[in-house]
Amino acid sequence: MTQVVYKIKKKFNSFVLVTFLATLIILLILGVIFYDIISQGISHLSWEFLCDKPAEEIRMGGIFPAIFGTALLVLVMTVAVVPIGVITAIYLHEYAKNNKLTRLIRVAVNNLAGVPAIVFGLFGLGFFIQFIGHGIDNMFYGGEIVYGRPAIIWASLTLALLTLPVVIVTTEEALRNISKDIREASFALGATKFQTIMRIIIPNCLSGIITGAILAISRGAGEVAPILFTGAADLLPKLPTSLSDQFMDLKFHIFVLAQSPDVKNSTPVLYSTVLVLLLLIFILNLIAFILRSQLRRKFKSH
Amino acid sequence: MKIRLDDEINKLRKSLLEMGNAVEEAIGIAIKALKERDTLLAKQVIKNDVIINRLEIQIDKSCLKIFALKQPIAFDLRFVASSLKVNNDLERMGDFASRIAEDVVELASELDGQYTIPQLNNIYKMAEIAQLMVKLCMEAFMQKNVEIAQRVIKQDDEVDRYYDAIIKESGPYVHEDPERFQLALSLINIGKCLERIGDHAKNICEDAIYTSEGEIVKHQTP
Amino acid sequence: MNQQFSNDLIEKIKVENLNFYYNKNNDNKTLKNINISMYEKQVTALIGPSGCGKTTFLKTINRMTDLIDNCKVEGNIFIDKNNILKNEIDVVHLRKKVGMVFQKSNPFPKSIFENIAYGPRIFGERNKVKLTEIVENTLKNVALWDEVKDRLNQSALGLSGGQQQRLCIARALAVEPDIILMDEPASALDPIATTKIEELIFELKKNYTIIIVTHNMQQAARVSDYTAFFYLGELIEYTSTEKIFTNPSVKKTEDYVTGRFG
């Protein structure tokens, strides 16, 4: 009897050991990556690096336009994807009847999540730029090419399409978590469906919606394929001032730098740029996290 | 739902008190009718028995309603259950008062001129005690007063003794004075009624003790 | 089955030939030809075994059954002589007039104040002073004011089960209904909280017509003036509570209340 007990104890302990080791390995790998990036990147990091434009001499310039471009890109993407995603989720969960059309929509959303990023890029080029962009130009600008070319608006919208499934799914999950009881109570008091959604459901889903936004930001800030043909460019003379302008982007800049023949000079710049990109994503996520936890705290003490 | 149960129980108490007073009064008036040889007064007692009977039906209904709708337990349960029995005892007492009055009506002529029938004194004394017992037994029941209840239970012995005396005194009338046979019988009957009233008062006191303490004291040998 | 009990009573709700189908595609009736009149400022209890249709019946009165997909309602329900089953009826206004309290208390994840102010706000009340007055009055009506007056801005979810249920009742009262429907309001509560709710119903009866579904027959006996016994979707007996619990007319009713089935 005690033999069996001892064996079980051993097994249990080794299971804990195994899982602990697995976690350790993952953390180690992550640690190595971070260490590599930080140690090599921090050397070139400086205030001028962050604030200057890129120069002819790779080592002399800065990456401020790329930082600005990436941040603006992600911002416009978020402004586009969150409302559309939330409204779609509300439609699917609150209004849509359980019929073929609804099932079709859900299938489409799920499949959208599996489309490769480069395909989104091509779609952005063909649909947003050539169809809609040219269409706008013909209608409002008399043929002059304003929107019918790569622009930050089209890159953001393409990224928004990419991250749309994530927002829809997360929001729907949050909607599902609101118990039927609360809705019933609202209806029984005489509220319409719209009032119930606006006053009870959305306020209680905000935490989930922001989670969706966080996931979208993380994904969107890291994808480079969709923005290749739709708006990103390198070494632009000025910052984008309107939505129809092109923009510089950190990831694209990294892509370009990595192909530079001047390996000796470009490598430290490359590492620093990567570090800045990671920091940017981290800060964006941090802002969203803080926002979400403030909201949660407000609801708890409410 | 304590509030509503208390409301219903208070209504019940009020009805029982009303009935107790009516019975007490009936006995008093019946004996007064006997004293004053007043047939009209006696007939009033007989008529008023209807009121007592109506109260009995009302109290029965109230108790049933309380059981069905209010689920009384513990003290409240004992009180309502005992009220059903007290109700019955009171109604019987009312009947006996009525019967006394009936005898008074029959005797009215016979008693003319007969002012010093010895049994009458005993009857008056018995009636006094009986009336007091009715008053006190209701007090004991309503106020959960075990002491009064026990005192009244003892008083029943006194009533019984008076009854024995009346029978002894009435004996000669039966044998030696056939003319006053009716008188003797009636007097014995009135005595019997009063004795039974005493017994019912004793029952009420035993119920009072049960309601108050949860202990059944009836059928115990003294 | 429609008995007029006394001439002092005013008919508040009149149900005529009510049939209810959970699935309009099949003939399975949840409610079969219900005819009943319920009286103003009286408490009417609906009793019967599980699945007999009493909760469904309750929900037709404020058209909460509209929320069930694919159901069908036939017949008429007159409230103050208006047929509320007609399509032209403003359901929002109906639900203001006919409030509902549910089996499991369901306060919104908001503050106590906001929970109660929700109803009046829906109907356009913005004045902060008026809202504060409404909150105080309804909380006093449900005997909760003293317990929560110092924490109106705290989350309603921090209250105990019995307090939450009383809050839900106050919330329903805030829109000034005539009729309050209660679906087993005390079934999730401990005995003391249950007693508080029952005493509250007794107080509320003075101003509101109350229809209460309950599984607990003793509760129906304690609290209601009239009781309707439902079985398998049919109304078997409807009479004064005293009669149903002392001497019901129908054998099935007697079997149910004496606990011999269901």
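Per-chain residue numbering starts at 1, and chain names A, B and C are given in the order in which the chains are listed.
Following the convention adopted for this analysis, contacts are C-beta pairs under 8 Å (C-beta built on N, C-alpha and C of every residue); 3 or more make two chains touch, one makes a residue touch a chain.
Small disclaimer: the values here were computed from a predicted structure and weren't measured.
S.K.: Draw the chains as points, connect those that touch, then say whether the picture is a line, ring, star, complete or other.
M.R.: Basically the chains just string along in a line.
S.K.: Per-chain C-alpha centres versus the global one: which chain is nearest?
M.R.: Chain nearest the centroid of all protein C-alpha atoms: C.
S.K.: Taking the mean of the C-alpha atoms as each chain's centre, how many Å separate chain B from chain C?
M.R.: 50
S.K.: Measuring from the mean C-alpha position of chain A to the mean C-alpha position of chain C, what distance in angstrom results?
M.R.: Taking the average C-alpha coordinate of chain A and of chain C, the gap between them is 49 Å.
S.K.: Give, as an integer number of Å, the spacing between the C-alpha centres of chain B and chain A.
M.R.: Taking the average C-alpha coordinate of chain A and of chain B, the gap between them is 95 Å.
S.K.: Which residues of chain B are in contact with two or more other chains?
M.R.: Answer for chain B, listing residues that touch two or more other chains: there are none.
S.K.: Could you list, by residue number, the parts of chain A that touch chain C in their complex?
M.R.: Against chain C, chain A makes touches at 97-98, 179, 181-182, 184-192, 195, 199-200, 204, 299-302.
S.K.: Which stretch or stretches of chain C touch chain B in the complex?
M.R.: It is residues 195, 198-199, 202, 218, 221-223, 241-242, 245-246 of chain C that touch chain B.
S.K.: Can you tell me which positions in chain B touch chain C when the two form their complex?
M.R.: That would be residues 1-4, 64-65, 68-71 of chain B.
S.K.: Mind listing the chain C positions that touch chain A in their complex?
M.R.: Chain C reaches chain A through residues 62, 64, 67, 69, 92-96, 99-100, 102, 104, 106-111, 114, 118-119, 121-123, 153-155, 168, 171-172, 175.
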